[in-house]
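The following blocks contain the structures, represented as structure tokens.
You will see two complexes here that share subunit A, one where it goes with subunit B and one where it goes with subunit C.
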Partner chain A sequence: MDALNATDDISQVVILLEANPYFWGGRSNGAHSTGPANFTFDRFLEHVLLFINSLHLLNQANRIVVIATGATSCAYLYDSNAAELSENARTARVSKKLSVVEKITQKLEDFMSKEAVYDLNQGTEDNRYSLLSGSLSMALCYIQRILRGPSPHPLPRILCLQGTPDAPPQYIAVMNAIFSAQRSLVPIDACIVGNHHSAFLQQATHITGGIYMKPPAPEGLFEYLSMVFATDLYSRKFLQLPRASGVDFRASCFCHKKSIDMGFVCSVCLSIFCKGQRTCTTCNAIFAPSKQPNPAAAAAQKRKVS
Partner chain B sequence: MPNVRVVSRNFMEMVAALPAAKLDELYGSPWTCQAVVRSLPPLAKQYVLRLLFVEAAVSSKSIQDWALPDALNKHKVAIDKLEQLRVLIEATERRKEVSYKLNPRLQKQLQDVLKTGGGVPRESLPASFAARVPSLVDLENYAMKQWEAVLLQLVSSAFAEASTVPMNSTLTATFQRAGLITTPKGKEPPKITDAGFQFLLMDTNSQLWQIVREYVASAEDRGMDSAELISFLLELGFLNIGEPYNLNTLSPMQQNVIKELAALGVLQIQSGTKDRWFIPTKLASNLSASISETSGVQPGEGFVVVETNFRIYAYTTSKLQAEILRLFVRLEYQLPNLVVGSLTKESVSTAFASGISSDEMISFLSKHAHPHAAKKTPVVPETVTDQIRLWENDRNRVQMSPAYMYKEFPTVETFEAVDNYARDIGALLWDEPSTQRLVGKAERHEEMRNFIRRQSSAPQRR
Partner chain C sequence: MGPEEDGTNPMDEDGDGDAEEQGRDMEAWEKAYAEDRSWEALTEDASGLLLAVDVTQQQRQHRRRFAASKGPRIQRGIIRYVFVVCDFSRAAAEADFKPSRMGAVANCVEAFVREFFDQNPLSHLGLITIRNGVARRLTDLSGSPEAHIRALRANLECSGDASIQNAIDLARGYLSSIPSYGHREVVILYSALSTCDPGDIMDSIAECKKANIRCSVVGLSAEIYICKTLCDKTGGVYSVAISESHLKELVLEHAPPPPAVAESAVASLVRMGFPQRGAEGTVALCACHREVKLGGGYTCPRCKARVCELPTECHICGLTLVSSPHLARSYHHLFPVPGFEEVSVQLQSMGKFDVLRLCYGCQQELPTAGSKAIAGVRLECPRCKQHFCFDCDVYIHESLHNCPGCESLVK
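And now, the complex of A and B:
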């Protein structure tokens, strides 16, 4: 009974919830707003909770995990599996009665207060960005545990609800997470609630075979979630689903984390640099100055010289 | 095992068979709505979710556009199922095209479920009772024990000498209705039927469903409203396992049902000084969940090891399991926790005679394989599975079909013409040109006779 039943529609959905206080807070101030002003975090959460309930409605065996992606940390908010696991304890009987909504809001409050503490300790340099790489890794770790667990396991997938723009410093970590998701056949879906397209997630969905979507009207988020992202992997074979119109394949350089169209690639470890180097900073390979540099490199060389 | 699915699906077919008004009434309960939605094929579920907040009627064409062109079959199955269960209602529009709407009652209930997150149908008793409630492990043991007792009753009718278990009359009646045991004639005790043997080899969920289905089917005879019964049964499935619920607040009909379900091990009744309460067991959650495809997962550990020399070692203390094995295995010796037997031609043939098929035996052996044996592929050695199938084929050497024999044709030409015609229409079973005789299928006799008439001769026929 190793292989899953072909008609199984049971899913393990890991939702990465955008919970960057600066993103949602900046919105109401309207100062450097990155999204539609009338879509607040409360509304966003309402839509997501409805979505979680509808996943439970579709199949009682569906398992849902929610991970908050903050500016400085990530945390598990909800695990539909955990309630069942801790059933044996008498004390758990009481806590189990809390509804999904209560559980999530309670955890979210804890999370936010922790975020505030971290924030005081650290600089506020990069708080425009959320820790996508962190929450993706947590999701993949969780899924690995499911995949290695008892054999008939539900089909896992990840849904990123991303609002903040891509964080260039996380490029390598995010790409590594994407490739590991691809290896374990976990599709990454992405729903962008902010104003900017995310090149990271476009690539993630493209590579892992997930769905990428930026709803034109985030106020109707639930509609998009239920129409598109509630579709289990089995039903996806039979339904028309949105396709990405174009994918931003640009890579970021390893030295300054800028996304570039053209650059230098280490011939040994394939690291990408925006400027020519004598040695590779990743693998320490020494580049012999070539007599016949390729045209792109030559152009860059010239620019650098002049 | 194909028949498992048939059985579990049948319950929803029963729901679908209810008259429209009753069905609509059923959708007044959020629990029925949820159970019905969860029983739907995956594609149909997606349609329900997509239409959930749509008030206006949606034309069938735009629903069809959701599906990929290759998946048109799946789409049609989904729509048919939705219509059958009156989840989708055809809305009449001025224009000719068909459009659908969700059943308004169901729609409202499901919307509420999404908004509130479901919860449980009724409040469990306060925590002060919790101390007297058995632990989950005890509860599961209790459920399994009760269920085994039920099956033992069935088994005991298979072996006449072992009628040590006192018969429960409701159960016997249910078994009889399901055709699992024969209706007694005179003083003869009821005997187990072919269907009964097959029933024993099914997994627990399918067994439970078949019993419950018969129970519901017989509800009308006993003066119960089947719609009310169904909605109560489905509601039970949503209760939390291992929590006490007050019995006294239920209607008399529901109390009755609870008592009968307790005999099946679906729930446990406890009573204190003043109150009585019931605790749903794992089997109860199966009531609403068993339609899901994962029901193939067997609760409990496997215990059977099959060796290539046809030896079977079953590590079990359960009398029931030993009895079930006895259906097709020759038991050699029984130790306190181990039963050893072997598959022999005689034992397997007896099983075939009782209507058990080779597939059922093999699937029983592989489903209940001991964890160590389950790691191997194939779980049951090929030599054994092949031999069981060969033994089954042995029984099917003779095939019977009703037939007519045509002989004494006037000329060789007529015989050949008739012979060729019979071959062409696929009616020919046997022919022998030397004696000019041939045998054709009975159902094609009309055509054969007309053809022979047209040959303008009158052959004798028998």
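And now, the complex of A and C:
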């Protein structure tokens, strides 16, 4: 990568905001929430808006985009580039900051109400998942636009604020997005606000060189966001940031979309299955009945039998 | 960037970076022009004046070219077992290749090893050298690119005669014990003009054919009859390099799985484990080196033994352990994004697309029938019916392999 240059500490941050009504239990009744206790969506949003303002304060040139990750759709909520264009250049900074909050809350209100309606109509079990693959793909398209734009461009990165558990059906799409981010040298950061670790995001941060963290106390979310995730890519080289607490490399089987740590792989197309079978449902290959390929395993089995 | 098990090649694994490869011996400034060829887009009117470039037409052309370049789906997951044989006889000391034939071979093999594992994540590779008429196995068939490169770099000297028979006999010995689903290959980088064999090489060639071992040779001097025979009989490819860059090109041609093989290979279902990576900074005893190691490392999901590198076989229970992202790199070939269709101006003028002012992917403004401000095409995904700009279309189909619209719908 190019060494020191003028844009080293100017960031293009794309924030993927967890906006799954099922997870937050709606804004009115927290009783059905699957999210963390004592941490409502309003509180969460408060922390995130503070964080967005502090990113603007850290460097006036920083650009921020917010995309909502819902259960049934994804949507752009805020784009600081577009905001700058539409507003007159010399309006007071205070009013601009205020408008950021207003803009996001307004859009989010619309988004959540649409989500909620959808939720009522065709509420399924799958609503406990959010469409991470969708918002990640949108974020990457946006970042490509920045990278195509006039040089020097700000350094892009993605921050996922995820609460819902990983959706195994999204496995391939999420992996595709991770590899594309890796090729464009875009780090994916992840801050987990739910109760579950995310194997997808552990892999994403590991492969793209981002930071993964699951704050032990979500009430202090802003602290974690500003201490860890606000640091630009250049400064990260000089800081002791939280180190990965391991990576869960589980894959999803193609047959049941279940997370597995052991399975059967088709030697032709590399599809993963949780159970042995005669033919590959992906590439239609017919499997030769093969004995255990390696002698060590055979030996181990023999030992068990005797 | 993550460590090498995730593949360090920033390019797409299926040669989306070909343009770069071919441009290798051009200067940077030449390359910029050669790739761009912007002058070709210029058109003149009858009086010889330059006309403005038609963006829409250009974009349509690019889309047509891309659609045409997408051939039939290639099966990528063939599990190959390949021995690379380096001829380090005295002929390799000659300096017609820079820095010497040996140096050129070493550079090519290094590039080949990395490319090979990028394209064949589950395959195995081993190195054999020929020196003083004797073939010696430098590295065992394994999945770790760095180990091969290290061993090769530590063994760079050349002397004596070359022997093809000794090399293929040695390789056949090791290849005969691999599992039946594996595809066996030998790739020989041959500098000498003769072979000094202990017996009848024709017998060895026949044995290779019987064992289904595909032998290919890349020569560095001139075409040799026995190499041609070897390749012809075993179904391999024989080629002779005329320069360093040509040599590299010929060697790298062996990195993707041979197309004919994709059909003939016996498919099988292989049991595999996807180990967890341990936390940085933890101390654990590894099963492979029997040493105490700090940080990283992977845990076998079946027996919980610790191993240092992937892919490998668990040293305790024998389970094949792979990094699941390594498998996932090829999945977009199995489930490609459908091609987007251009939205005609007629439909646009019917006012149907008022809402879709912005590209669903990047929020860029899309061209409309009325305005001349934004040139280019407007594209629609046939599945989710969202509209995209030309740039997103290119990115989605050539790198991302996801449609953002389809991914934002519940399946």
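By our rule, the second predicted complex is superposed on the first by the 255 of 306 C-alpha atoms of A that agree within 3 Å, B and C clash if a C-alpha of one lies under 4 Å from a C-alpha of the other, contacts with A are read in each partner's own complex, and residues count from 1 in each chain.
Definition applied: contacts are C-beta pairs under 8 Å (C-beta built on N, C-alpha and C of every residue); 3 or more make two chains touch, one makes a residue touch a chain.
All values reported here derive from a predicted model rather than from experimental measurement.
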| item | value |
| --- | --- |
| Clash or fit (per the criteria above) of subunit B with subunit C on subunit A | fit |
| First (subunit B), second (subunit C), both or neither touched by A:D166 | neither |
| Partner chain in contact with A:V100 - subunit B first, subunit C second, else both or neither | first |
| Which of subunit B and subunit C A:L57 touches, first, second, both or neither | first |
| Which superposed partner A:E18 touches (first subunit B, second subunit C, both, neither) | neither |
| Which superposed partner A:D261 touches (first subunit B, second subunit C, both, neither) | second |
| Touching partner for A:A285 - first (subunit B), second (subunit C), both, neither | second |
| Comparing the two partners subunit B and subunit C, which touches a greater set of residues in subunit A | C |
| Which of subunit B and subunit C A:P152 touches, first, second, both or neither | first |
| Smallest separation of CA atoms, subunit C relative to subunit B, angstrom | 5 |
| Subunit C-contacting residues of subunit A that also contact subunit B | none |
| Residue ranges of subunit C in contact with subunit A within the complex | 1-2, 6, 10-12, 75-79, 121-122, 179-181, 262, 265-281, 298, 301-302, 313, 315-320, 322-325, 327-332, 334-335, 359-364, 391-392, 395-396, 399-404, 407-411 |
| Subunit A residues touching subunit B - in the complex, by the definition given at the top | 1, 5, 7-10, 49-50, 52-54, 56-61, 87-88, 90, 93-94, 96, 99-101, 152, 222-223, 226-227, 230-232, 234-235, 237-240 |
| Subunit B - residues contacting subunit A, complex | 34, 37-38, 42-43, 45-46, 49-50, 52-53, 65-68, 70-71, 74-75, 110, 113-119, 127, 130, 135-136, 240-243, 288-289, 292-294, 296-297 |
| Touching residues (chain side subunit A, partner subunit C) in the complex | 71-74, 76, 79, 82, 124, 126-127, 131, 133-138, 140-142, 144-145, 148, 169-173, 175-180, 182-185, 203, 206-209, 243-251, 260-273, 276-277, 280, 282-283, 285-288, 290, 292-300 |
